[in-house]
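The chains carry the letters A, B and C, assigned in the order they are written, with residues numbered from 1 in each.
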Amino acid sequence: MEKINFIGLDINKTTIGGLLLNKTMLFAYALLALAAFGIYEIFDVRYFSAAANAHASGLNPTSLELKEAMRLAVFGDVGEVNRNIPWTLFIVNYMYMIYTGSGIIFLVALAELMNFHLVEKAAAGFMVAGIAMVFAGLFTIATDLNMLNMVWMVLTPNVGAGMWLMLPLYCTYIPFVLFEIYLVLTHKRAWAKRLALPILVLSIIVDLIEYYIQAKLFSMNTARHLWTEFPFLTFYFIISAFVSSLGVMGIVSFLAHRQKHEYGALMELNRKAMLFFVSILGVYEIFAYMTVDKDWAFLILFGPFRYVYFIGYIFLTLTLPFLCIVKPRKPIFTLIASISVVIGGYVGRYLFVYGGNANPMSNRFGVGYEKYDFYALSKPFNYVAPHLGEILIVVGSIGVAVAIYKLFDVFLSVGELREHH
Amino acid sequence: MKVEISRRRFLQGSVALSIVGGTALSQTSILAENAKKSKELPLLKQVPTICEMCVNKCAAIATVKNGIVTKLDPNPYFPKSRNMLCARGVAGIHALYDPDRLKYPLIRTGQRGDGKYRRASWDEAYAFIQEKLVKILDEEKDNRSCIGYCAGEGLAEHTFKTFMADKFGSSNFLNHSTICLQTAVSGYTLTIGGYGQADLENAKYVIMAGANRAEAILTPDTMDMFKRTRGRGMKLVVVDPRFTNSAMHADTYVPIKPGTDLAFVLALTYVAISDQIYNRSYVAKNFVDFDKYKKHIIENEYTPEWAEKITGIPAATICKIAHDFMANAPQAVYYQGRRTTWSKNDFQLRRAMALFSALGGGIDVKGGIVFGKKLPLGEHTTTAPMYAQAKPRIDKNLAAVVGATGTWVGWRNMVAEGKSPYPIRGMFVYKQNPMLSVPNTAKTRQMFEKMDLVVVIDTMPSDTAMMADVILPECTYLEREDPVQSFAGIEPAIAVREKAIDPMYETKPVIEIMRGLAQKLSKPLWEITKKYDEDVQEELEDTDEAEFYEENGFDLSEPFMHSQEETNKHLFVEKYGEEAWGILREKGVFYPNMLSYFKKIDNNTYQCYPKDRKFYSVLKLEEEYDAETFLHDLCVNPVDIADLKRSFNTPNKKVECYLGSMESRGVDPMPTWKDEEFVKVPSGQFKFISGRHAQFTQNSSQNNIMLLELMHENYIWINDQEAKALGIAFGDTVEVSSRVGRVRIKAYPTPKIVPQTVFYIHGFGAKSEGLTFAHRNGASDNEIIEDTIEPVHGCANMHDTIVSIKKV
Amino acid sequence: MNYAMALDYQNCINCKACEVACKEENGVQLGADKQRIWIGVVEGTIFGKPFINLYPSQCNHCIDAPCVNVCPTNASHFAGGGIVKVDAHKCILCKGCMEACPYDARFVDDTMVAVDKCTFCDHRSLVEGGTTACQATCPTKVRVFGDLDDENSDIVKLLKTKRFFFQKEHTGTLPKLFYILPDDETYAKQSVSHQTKIHTWDEIKPLYAQARERRSKEWRK
């Protein structure tokens, strides 16, 4: 393929068709179309909901739209956000995509530090996959927030808030990672070599800070004891992210490298790493719930969430993968384990967010849960299923990741194994 | 308004003239004043008004911004409402701006009941009524009583009544009393001379049976009592088949089988008498026929053990309550209750309650039941014409004492079943919704279907409006000035409702509706009278027609020609003067010395009358006493005040134990328990009872979206054990069927109701499609309540219905 | 100025006048869920006998409000007197404040696309003789709004004579909704749990004054 040389990178010359209409991109478009529909749904409900307030009828008593809005307010469904479950599937997806994506990048950095040359060879592809997932996560969050008022993040910031720290974090993190990828891809090997170690060390520091800030986002929520009392939340996020990251790396290896002779060794390395982290996660899961507030722990372990927890999470993230990878076997087993942890990891994030909201705030005195209505049942458990719009956006975010990876791949052939340094 | 002339029946022949009151202002100037709407709306004003979301009439202040009412706040000057406004009061704005409000007159185009109407102008509507009315009266030979009329309670009810009763001349009037508290009022009045006010600010022991002041808010009772329960001065005993929000505050909650209250009270009386714990000196001085009553109670053996079998209340509890009551008397009250008649023996029950209360000496004494004082107002008189052809009301023989307000169920059944002595051709309905408020809705529908002219004056397209030929839209209470009212009580006051904004759409206040209708009808109806009324024909032989017409009140519009504000001024200034009028207009409230008595203590406490200026003991004392100082001296022990011999407002001037006058009409002269009167519940079925929640006023608030937000439909209460046995869970739809109808409603299994009893609140289940929010929302109780009546006044028995429940 | 509210909750009859007054006064969004203030009901039976406990609830305007701590744009902030308010035009709907609040006080107002909550009616309560809409309308006068810094205010006078407690004190947010403990022992026991700590004004005053010193720099004028 013809290449154009630009700032030390070999950029592939390609046609518009080749860039935008290849099979992978078409697949991504399908998913993005779903996301677009989801965005339409969500925005419709968020910005154009038929909502009425108490002063409206004085201003316009004969309006039929207002009458319908009032009827829906009392007898129907209005609005996007449920008071009891403010953080929903969006946050789950954001957590998964960003933590897993960052995890990949973190793991690659660790691998380089420990001189796993095989990983260094495939670093470009992995890191692009990682950053693509980060973008997918940020895309999800962008649809969840009311972006119209984002300017105030800059004008009147609250620098102590975990939520605000996301802004400087990703404003730094993304360019930094892109620079790291550049270093991997660049011709200028001598220069890259000199920067390699400092960048590596910085990378690990930045990653640790990132996970710390993510944990802060959850642990600042005084009311939700699942998050505030989970032991060493930063550490938990890192470990659980690594498990899923290794899963993604296994799948990426399968898709990009299965024809290459390094495939077996790569998968074997993946297997060992995954075995290590799955074991730590297993130990963690056993001890974590002993310290968490029993109200939440019970809901997850013995309450309405128990099937999702044991089958969706423990089985898929710990048991099945462990069985597949405990002994060195053919790469297909590592692949099965990878797919399993990718799904199971998602369920884990889902349990974390929905579980944190499941214990209603209405339990005030230990004399029972409150109800707000004469004719109502007081509920010891909060759960609201995700809307269609949310699900579509989440599915569509995969399309974002796929599209970004493919764009990088088309231009920079990141799927190839390179000699590093 | 005082009517100077007495009804036709009581005079033979000659016409008595009356005093025509009011200043003679020319017609044109009044109309011009009303027609002139000020172009400049002040940016912000605070208008004193009186709430009409329920019967309490709390004084409120409406904040009006740019011609829109934005908030209703309490008016602290009004003693009765204790500076508060309940949920419904504040939600009055959403009654004003209700999107479903009637906006213009409507004339029926479809079949009666199918809700098809066309818009008409006021003139068209009046013309329609005139045409039909003339035809009907012609056919009925000027029998004015062939048109019935009914009114709901309100400050303007009297205006409507003046037209229909005094001017139009029909004797078939119905109002809410026989589907409400007639027996309670009558029971207490005939026994102790008045219904009275329970002094819950000072009472030390209160038995509240079936009254639910936490949810059926009554001013000032609700405000006073719940600050004193839970050991803060008032011991509260709640006797109720349901654990209501009032029971939640009670020191003792006594579950009781519905319909057995009389047995409970008779047993309490038995204990008081047999244990000799009643106030003997009080009884000796202030009771008449007590020996008869004592003998009656003892000989009938109304013991606590006997009552236990009937009521389900342990005998020991009954004894204790009687003893505690008497220990705290005279500051002990058996609370009168203010609700619908429960069963056949309701009148006797209320009499027994009054007698028991009186046995403690707590009548006309602080901390007991007091009569208070009423501030006088001037009188506006009108001339009522005499209609020789107008027949007496059709239902007067349906019960022992059928008063001027009739018996709703009895009257309606006569018409529906075709048993009326003369045809009832039509009905005028003001501010009432009989389709939802009278038991056995099917029969009410039948009644309307038999009529040729139904006119409904209302603010909302209710189920009853959907049965009308002509619907006339009245404006809400925030858009009109109503007759100034004097509120009697321990702290009496006068209050006025001022107009906050001009009437919206094409609505009018009832005074203007009556004026317009009367102007249209006067002459044509006069022609009918001339045609058939022989007395009038005779008179006209000697007198000038125009003169006779004017002087004898045949000009039907005469009482409505002045604006309400002018009438109010005239009534008020006559007694209190111009300066006081200014205070009344500014503050919305007035009572003598208000400006010096009224003090703000903090944001939660206001003093309207100083302690020593309140009116507790008001009855004329028969002993030599300086009543003025003695009764107002705070140091005097209420027990000493109780002991004084006084003159009650009863025929014998004493507490009446034995009503001889009732005996001749077939009513028990003393409260007696009759087993055969008690409706037993067959196994597997339930007794249905009804009641209220604090967020709704019967059915008038059923379309108020702000209130529906708080509770959007009614649920049926069923004992949780029984529900479990029937496999009914929370929220399941069940079908409730009685002998007269069936409904579907969601279930609310709860331990808060006694077994074999079910309950749901009144006021839901409207069928009118004009009510967007209320349409088929929940279930109506009167669809299933059987239409039996009690024998004294013909009041509807609301709690004698047996129902079956099944899950659907 | 340090605004707070005391609740003599034993008077409450659950008539919901306060809920409606709040909505009408502040133009709050319609909807059963969209309550700035509400009456929490806890019902049950003790040995077969039913009981009902009522807890008028709303935003506690905590001195150490977690909702203010987590808001990225400072939309959630302290106004004068320590009243916690939301600047709707700055809200990015991150919903962090809703997650952080232990009292379920916040909800999303769809007409403003921002988070909404009780504001202690500061447009009418801060003037001389003024008070919140809920206090003004209450039939049984459950509520007392006032300034904790003013020794002569109704609220301080009340708190000096009564014992009181807070909801969820263990979350450490220093809430300013004072629930007045009923004098009657039986009812008091029935309406609080074993873990609830009972306080007096002498105990709480220094604690709150200290915390107030620490946070009042953030209080906008």
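The definition used in the following text is that contacts are C-beta pairs under 8 Å (C-beta built on N, C-alpha and C of every residue); 3 or more make two chains touch, one makes a residue touch a chain.
Model, not experiment: these values are computed from the prediction.
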**OP:** From the Cα centroids, identify the chain that ends up most central relative to all protein Cα atoms.
**Re:** C
**OP:** Name whichever of A-B and B-C has more C-beta pairs touching across its two chains.
**Re:** B-C
Original post:
Using CA atom averages as chain centres, what separation in Å is found between chain A and chain C?
Top reply: 36
Subject >> Centre-of-Cα separation between chain C and chain B, whole angstrom >> reply: 39
Original post:
When the C-alpha atoms of chain A and chain B are each averaged to a single point, how far apart are the two points in Å?
Top reply: 65
Original post:
Of all the residues in chain C, which ones touch at least 2 other chains?
Top reply: 14, 23-24, 30-32, 43
Subject >> Shared-contact residues (touching 2 or more other chains) in chain B >> reply: 70, 93, 705-706, 709-710, 712
**OP:** Could you check chain A for residues that touch two or more other chains and list them?
**Re:** 54-55, 70, 73-74, 373-374
**OP:** Spell out the part of chain B that touches chain C in their complex, as residue ranges.
**Re:** 70-74, 82-87, 89-91, 93, 214-215, 217, 222-223, 226-227, 230-232, 243, 245-249, 253, 600, 602-605, 694-695, 705-707, 709-710, 712, 750-752
**OP:** Going by the contact rule at the top, pick out the chain A residues touching chain B in the complex.
**Re:** 54-55, 57-59, 61-64, 66-67, 70-71, 73-75, 373-375, 377
**OP:** Sort out for me which residues of chain A touch chain C in the complex.
**Re:** 46-47, 49, 51-56, 69-70, 73-74, 78-84, 86-87, 144-150, 152-153, 155-158, 160-164, 166-167, 217, 220-224, 356-357, 360-362, 364-374, 378
Original post:
Residues of chain B touching chain A in their complex?
Top reply: 68-70, 93-94, 96-101, 103, 504, 693, 705-706, 708-713, 715, 730-731, 746, 748, 772-773
**OP:** Provide the residue numbers of chain C that touch chain B in the complex, in ascending order.
**Re:** 10-11, 13-17, 19-21, 23-25, 30-32, 43, 45, 48-52, 54, 129, 131, 133, 135-141, 143-145, 154, 182-184, 187
